[in-house]
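Two complexes come next, and they have one chain in common, subunit A, joined by subunit B in the first and subunit C in the second.
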Partner chain A sequence: MINTLFRFLNLTFITLCILVVLSFALAYFFPGDTWLNLFGAEFIQDQPTLMLVAEQTNVLMAFWYYIQALLEGEWGVSFATGNALYPEIMRLLPATLELSLYAITIALVLGIPLGFIAGMQYHKKIDNIFMSSSMVMYSFPVFWLALLLILIVSLQAQWLPMSGRLSLLFDIPHRTGFILLDIWLSDVPYKQAALYDALQHLILPTLSVSFIAFAVFLRTTRRSVADVLQTEYIKCAQTRGLPSSTIFFRHVLRNALLPVLPLLALQISTLMTNVMIVETIFSWPGIGDWLIQAIYERDFPAIRAGMLLVAMVVVVMTLSLECLSQMIDPTRDRFAYARH
Partner chain B sequence: MIRFHKLFTPVIFLPILWLSGCGPSHDIQQQHLSDSIAPDGVIYCSEGNPSYLNPQLDTSSTTSDVSSHQIYSRLLDFDEQTGRIQPALASSWLVSSDGLTYTFQLRRNVEFHQTEYFQPTRSFNADDVLFSFDRWINPSHPYHEVNGGSYPYFDSLNLAEKIQSIKRINGYRIEISLFERDSSFLANLATDFAVILSAEYADMLAVDNRQSQIDFYPIGTGPFKFDAYQKNQFIRFLPHLGYWRGVPQSAQLIYDITPSSAIRFAKLVTGECDTIAYPSQAEIDVMRATPNIVVEEEPGLNVGFWAFNTSKPPFDQPIVRRALAMAIDKNSILDAIYFNSASRARSLIPPSSWAYNSSIKEVSYNPIKAKELLNQANIPAGFKMTLWAMPVVRAYNPNAKRMAQLIKNYLAAVDVDVTVVTYDWHAFRDKLSQGEHDSVLIGWSADNGDPDNFYRPLLSCEAIPSGTNRAMWCNTEFNALINAAIRIPDVDLRASLYAKANNIIAHDIPLVPIAHANRYQVKAHSIKGLSINPYGSIRFENVVKAPKVQQIDNQDGRP
Partner chain C sequence: MPDTSLYEEEHYPTPLQATWSEFRQRHVAVAGLGILIFFIIMAILGPLLTPFEPTTQHTDAVLLPPAWNDNGSILHILGTDALGRDMLTRLFYGTQITLFSSIITVLVALCFGVILGVIAGMSAGLRSSFINHILDILMLTPTLLIAIIIMAMLGTGLTNAMLAIGLALIPRFVHVTRDFVRQEMSKDYILTAKLDGATSSALFIYNILPNMVERLIVQGTLAISIAILDISALGFLNLGAQTLMPELGVMIADALSTAYIAPWNILLPGLAIFLMVLSVNIVGDGLRSAHRNRMSH
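So, the complex of A and B:
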């Protein structure tokens, strides 16, 4: 286990280093003045470490100061707004994380149990219904689904709002950046109404993001359950006359869930991509919407910082889930096998 | 085979039950009613981010829509219905008999905004007027260079050079003297751009060396005070409780920044906006058919026209211009380009202006007569000319390229061969100023209600070098008339001079006026008190949102 952890930390560190090098190189690749691309302004008074980067004659030294500046939260300023990037990104990131978190929760909470049903009913009617409908869901382009939901639920039926996280009439002070939490912590007189409004705003974006992830979880769980049911130890347990609940909880559940965790890790990057698309469509004020805006405006410092952060989030999440799943399921550890 | 059905029902449905359990509807119904009542306010879906929160610095309507009539007041205002000038921060004014000195009596007890970043200790007085004017008039003023130092509206009119002095007579009276008579001067003071800032606030910022904040954290005497602005997202205003015309009815005013016109319309449908900026003309009919949405339209103060380059032969001959004007059918062009959203232009100024005269003679569609006139002028069959079509969409011409194609077809019928030319907007205007065109489709939107704002920039001799006279037309008689008209304060006398000027244009045809496009306002049914302001940007001070009638059992309905 320590081996696994060590290898994981090593891998994360190296990947992050490569990311930082790439982000530094981006300043050279973008058209225009390198330092201006990196800083966003000629001179930034409250970011002294970042300013040191330009004074270096040696690229390696410049890179060294760049890393220091990154660690100190001096990420430069945006071309478009002139605002410091680090606080701006940190203000937006919770909105994206919130949306991803709810979407993945819904996908897991619905996808895995339904996957179990399908797996238990392998090649029967329910299974076929689940399989065909999940195939349809899996094939849905997320932007089209989002637009369709807006068209039907918001514009035709007028049940739910189509943009933003909260009606602008509610003035909720920014604390954690997680809207539900912020409303909960605030002491505004209209707390319940705000909470209700925020939930209404959440429904459509969350549904759009969780749609594909749900289908993936359902299909993998079903496959895994079906595989487990085919194994000798289940047949053995059945012939021994164990009650079906014991078989299910002791033997099927655990073994079938093992392949789902690495799958979750694989889904992170797809999820982030979908979240960014959905954010743009629903005007959700998160990092995706902001980054796409920055690309439109050719705001190079913002593109660099935004990509660095999104990539970091994806890498760290993916690798930690990967590490977790290896620790839970040692059979996945190839090197451990080799040692025995 | 094991029967898993019984086992699975709870496994599946527990999470679903849990999910539905965290829905809010149960909680809300049990909650105290006051908790579940949403705050009140008006949401306006605007089209973009303002550059500053001060219209002195920017002529873009995005900036003035946000700031002019919400945050600030002016010395004078236009009456939205009649276009006449009415008192605002100046309660009365006096013009000397030579027309060179204007004395303004200022309103007393006008309070500035009280905000987190500034608490005023005194009410509005002459010092604020002096500060606000000196900032753009006097290049050595400490605030002149703050945030760019360019004041485009006043610069384009050369207003700073026209003003000889601004004097404080006493705390509530100021005197402005001009170098020469200018009957549009009062109108200029009533435009969106002549706003009054707080001198006390400016002094406070100067002490802290934060001068540039004055245009981003604004303080004014308008109906709403600034609360928060998040780029690409929203601007929030709160009512100014000490507003001198009476407290605005709306508990807050929010600009929801939505660049796409389709999304603005969609948000209006879902009720996320109460009113929207710049509805797309192609969607107007759909909006009319949508329940709960009101579409209002009014003729705008603009004109779209077809100008001939009168400095180039053969367009220097009035007979050629008349022939070409006769060759096109304006009514069909109106139908095809403006979709019934414009009225036929008979002269430069729209019918809503006081200087409009309905007796003006207009060239009517007559291709046979046009052919005869061309023959008289010795224009050979197959004569080639260029028609420049502007590349951008403007209210006065939503599709210049399509219009150019139509005109090309009409002119082909009289044996004139037209080449349609277009460039990107910047290059287009550059080349136009150099007179490279034979004829051009372009237009003009007025900044104030004064007719001089049409005649002088579009057709005066001085406007040829400054680049707004697209016809390159200089007629000394016409020039004398409009210069005389601006020196006369009497409206009827001015109108008679403009009528003469109109006759010269109608006779000489330096340009063919095509359409006055309508202005639209699209809003939810529940919004009352919002009217189209033809003399500038949107005003929210009288806007109220009628409370939504809700059923008793529907307390948790969306606010």
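So, the complex of A and C:
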């Protein structure tokens, strides 16, 4: 256990270090002046000593200053808006996390049980229906799906709003950044109405992201259940005459869930891409929408900082899930890279 | 008289033939293959079939609905877009660009992935650890993020989008290759070849690669569907192919401003992407099941 945790921390640390080095190197690869790309124009004007340092030092010293600045929360200044990047990203990140969290929850809550049903009915009618519909579902381009939802639900039927997080009528003070939590914590008189409105805004983006994730989770679970059902110990349990509910809860459920977890960890990066695309379509004020705006504006400090943070979040989340799955099932040894 | 030439009479299918006969028994998979072949033929022959150019603007027929609509014209079967460009023509060219650029991306990624995978699978210690760390980061970073970084460095364009997606696809092939090579390296037939004095490269080319081809085909097919989705998504976000190019994602992005009065301009390119991805997925899934069935027999 401790060994696993140590390996996990080590791997996370190394990975984060590589990310920081990469983000530093990006400033050299981007067109334009390196120090300008790193911190933005206003930031350098405010700190003339930094400019002096930049002119006098070599790459290694520059990297050392970069790390110091990162740790102090000085992530530079945006070209486009002139705002400090760190607070801006921290304000946007909760919106993205909120969207991904709800989407992944819906996909898990629906996908895994249905995957179990399909797996238990392996190659029967229900399984075939589930498999073909999930195949159709995950072939959907996420941006097209989002546009279809907007066209049908928002424009034609006018049931749900098509963009943003909350109607402009409501003024909710910013606390955690998670809109539902913010409304819950605030003491405005129109709490109920605001909550209802926020939920209405959430439905379409969450649906478009979870649609595809759901199909992937269903298929993964179904495959794993089908594999477990073919093992000898299930056959043995069946010949011993155990009731099928006992077989399911004692043998199938746990063994089938084990390989699902690491496969889900691999889905996080795909999910993140989809969340970012959906954000731009629904004008969801999250980090994806912001990053894509940054690339249109060639806002290099913003791209560097946003990329660093999103990559860090994804890497830490994925590796934590890996670590969890390895602690549950010690026979998997994925962190042992140097061996073999 | 008993049949003496027993061995000559028996037909032993090669592994590929066996997989194909398994694949053929799945009607859905064959149908998917049919749709895919239809798209490929359309992508190749489409430009010859249509009388228009994808960029020609018919100013007398702007935002024409498809021919089955009352206001449609048989001249433009699938209607025209906001600039009066023929939809069907643009779909042909769009399919060509999206599908073929995806296939090229996957092929290039496959080559690099296999080479890296072999190095990772056959090496040990620090080198293996280093390769695996780098690949983990590549795999964990969302494709869109890689694309954004590459766009920031090199500028937008279809080639750069392909580069980004190729980079994101490489780890998949590396994983398949690495795991397979590791698994095979401990088997007896490799040991025999090793005792005969085969070098690592000879081991891979003559002994491991032939056993791996099928897996690579399955992975490559599934990767094509991802590449199609990603290339069109980048085109849609205006990060990949640029506005003048009739790429399917770009066409959807162009049609956004007239989405309310001309929804078919969004529906048709999206449907083309969807059907393409669906058929590739069905074929890939069919190939995977066929391969699995053959291995389990």
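Note that in this section the second predicted complex is superposed on the first by the 319 of 340 C-alpha atoms of A that agree within 3 Å, B and C clash if a C-alpha of one lies under 4 Å from a C-alpha of the other, contacts with A are read in each partner's own complex, and residues count from 1 in each chain.
The rule we apply is simple: a contact is a pair of C-beta atoms (placed from the backbone, for glycine too) under 8 Å apart; a residue touches a chain by one contact, two chains touch by 3 or more.
Computed from a prediction, not measured in an experiment: that's the story for all the values here.
Peer 1: Would you check which partner chain A:Gln200 touches, where first means subunit B only, second means subunit C only, and both and neither mean what they say?
Peer 2: A:Gln200: touches subunit B, not subunit C.
Peer 1: Kindly classify A:Ser100 by the partners it touches after superposition: subunit B alone (first), subunit C alone (second), both, or neither?
Peer 2: A:Ser100 sits against neither subunit B nor subunit C.
Peer 1: With both complexes superposed on chain A, which partner does A:Thr12 reach: first (subunit B), second (subunit C), both or neither?
Peer 2: Neither partner.
Peer 1: Once the shared chain is lined up, is A:Leu155 touching subunit B (first), subunit C (second), both, or neither of them?
Peer 2: A:Leu155 sits against subunit B and subunit C alike.
Peer 1: Pick one for A:Met307: touches subunit B only (first), subunit C only (second), both, or neither.
Peer 2: second
Peer 1: Shared contact residues on subunit A, subunit B side and subunit C side combined as an intersection?
Peer 2: In subunit A, positions 150, 155 sit in both the subunit B and subunit C interfaces.
Peer 1: Over in the complex, which subunit C residues touch subunit A? Could you list them?
Peer 2: The touching residues are 28, 124-126, 128-129, 132-134, 136-137, 139-145, 148-149, 151-153, 182, 225, 229-230, 232-233, 236-239, 249, 252, 256, 259-260, 263, 266-267, 270, 273-274, 277-278, 281-282, 285.
Peer 1: Going by the contact rule at the top, pick out the subunit A residues touching subunit C in the complex.
Peer 2: Contact set of subunit A toward subunit C: 11, 14-15, 18-19, 22, 26, 29-31, 132, 135-136, 138-144, 147-148, 150-151, 155, 266, 268-270, 272-273, 276-277, 280, 288, 291-292, 295-296, 298, 300, 303, 307, 310-311, 314-315, 318-319, 337-340.
Peer 1: Looking at the complex, which residues from subunit B come into contact with subunit A?
Peer 2: 2-4, 7-8, 11-12, 15-16, 18-19, 23-25, 27-28, 31, 34-41, 43, 227-228, 231-234, 236, 252, 254, 256, 258, 263, 266-267, 269-272, 556, 558-559
Peer 1: With touch defined as at the start, can you tell me which subunit A residues reach subunit B in the complex?
Peer 2: 80-81, 106, 109-110, 113-114, 116-117, 120-121, 150, 154-155, 158, 161-164, 167-171, 189-197, 199-200, 238, 244-245, 247-248, 283, 285, 293
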